[in-house]
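This is the structure I want to talk about, given as structure tokens.
Note that the chains take the letters A, B and C in the order they are written out, and that residue 1 is the start of every chain.
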């Protein structure tokens, strides 16, 4: 290997990369907001005994879990405007696709957590005279959140990584800026390595934190 | 010389001390039952004898041979003979889930003793027949009841012709109606003259199978006597307290 | 709005070839990933500090960065590093396999860790030598326990494989986007592509939960 490194362009383009990172983080944040809220609602809906509710929700979850995120993103980008005659920005499409994808995975995480809540708690809430909504808010939600927290965070950081896909529909995120600089300057090694390191620097601490949290929650709920 | 001689046993978990110089002797024909409050080191004693725990001092002799020699630096030298002479059955069966009943029984003889497969198989079938488990030979552990699993675990230990059997709370994890079949199997072994050391919480079973009952508390032997004496006429205040509590709870 | 799916028949041959390319990528990445992942998991459970850290860093890095970045890096940078031309196909296979190895090693490691300590006690009590313990007791159980995770890795790779379209590999995704552009009928064609992915991804995902349920019953003895 006799490649000569030249970090000049990386240094020069660094502000641009950071700008991209901010957009990436913004996409991640909003996708997580959608994923956490919608995911819980879907999980609650899945508890229903009414088939007309359960079936469409199941279809939604399975569809988003079993197809590539890229096709979901591309589908939103090209088909939503035609179908609904709306012209939203690529960023918004990205958030929507990523958020719906995340919500499907989170719904599964919530569902698994809700199933893990001892049935005795339902009986206890009934005995305490709580109605369905009070039970969902005060008994199920807090426990489901705690139990599923490690998976929710893992999914959340997963969507941070998946968000790199939006570069393919010309959203100017970290990935996009990295690609742009590397082709402009013919310095792919320096730029793409830097981009990889930035992604890693964000997701690694989070994944380490998950390991810690997992240990904590196990102890907390060990009743 | 006694059959089992434990002298000056020292065992610690970090700063927690279990034994500081524990002594216990057992004769060849004995079936020793260890009773006492939880945390008093009954199970730890069996685990030390089996070589599952490092000990910090003392000696354990079997038939006159030292086989675990404690040293001050907390490391021990373990003679491989221990596992050849002693069999052990655990609370949670510890059958190998990926092997059939027959596979569980034949693994150790075939793979570490060089016994021929056909020979091991015949012997295993003999044991299973004796325990009424012959038709389960090709089942997997997950297809057995708790009582059956535990009896297979006993058969697995017997495959190696142990001179002494250790039973560590083998009925504690079982549903009450399954306890009897395991206890009957142990009784049958006892009638065949197998020396045993048993840790159990079942006082009635202790009384019927033991030749000698040892009451221990906080890492010390408080009282050791024949079952009728220990249960009928305990000499120590602490023994009486313990028995009053457990027998009262048992109703 | 009018939908017209009839024109799809015309393209069935191209789509079929695209799907085969996708499956080819997945198949190769799974097999190479199994071998590489096993080697990595040995490193991650090794008592040698150097090996441990090297393997851990590798795994964390590949799990902590977008696969798209990895793919571009292999595609654009590796040839420069090695000073040789790499075909797009080779680059994509390398990238997917390196990633596959990282997630596979995690499955192996988790399986090893999930074996109960009492199994080791039983081995000692039966006087099994170390080698026998490893080959006949621990490894088979680890393999059994790893199967559901390994299967779900296959699903992940199947989905991630769509990324190779971004470096010009004519997989299902690429072919679909191309047709969509040519005939200006994105809804029909992209929906069809999504359904094809689903038709394979869904049964695979189902299989994972089925196998998981079965195995849990077996290994829980």
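Descriptive notes on the structure:
Definition applied: contacts are C-beta pairs under 8 Å (C-beta built on N, C-alpha and C of every residue); 3 or more make two chains touch, one makes a residue touch a chain.
Note that this is a predicted model, so its numbers are computed, not measured.
The minimal number of chain-to-chain contact steps leading from chain A to chain B is 2.
Chain C has the Cα centre that lies closest to the mean of all protein Cα atoms in view. In terms of C-beta pairs in contact, A-C outnumbers the other of A-C and B-C.
Summarising the inter-chain layout, the chain whose CA centre lies farthest from the centre of chain C is B. Centroids of chain A and chain B (each the mean of its C-alpha atoms) stand 53 Å apart. Once the centre of each chain is set as its mean CA position, chain A and chain C turn out to be 20 Å apart. Taking the mean of the C-alpha atoms as each chain's centre, chain B and chain C sit 47 Å apart. Those residues of chain B in touch with two or more other chains do not exist in this structure.
Within the complex formed with chain B, the chain C residues making contact are 116, 118-119, 121-122, 124-129, 132, 136-137, 140-141, 144, 217-221.
Across the complex, chain A meets chain C through its residues 1-3, 62-63, 65-72, 74-75, 78-79, 82-83, 161-165, 167-168, 175, 178-179, 182, 188-189, 192-193, 195-196, 199-200, 203-204, 207. By the touch criterion given at the top, residues 1, 60-61, 63-70, 72-73, 76-77, 80-83, 155, 158-163, 165-166, 173, 176-177, 180, 186-187, 190-191, 193-194, 197-198, 201-202, 204-205 of chain C touch chain A in their complex. Looking at the complex, you find that chain B touches chain C at residues 47, 50-52, 80, 83-84, 87-88, 90, 92-98, 107-108, 111-112, 140-142, 149, 156-157, 160.
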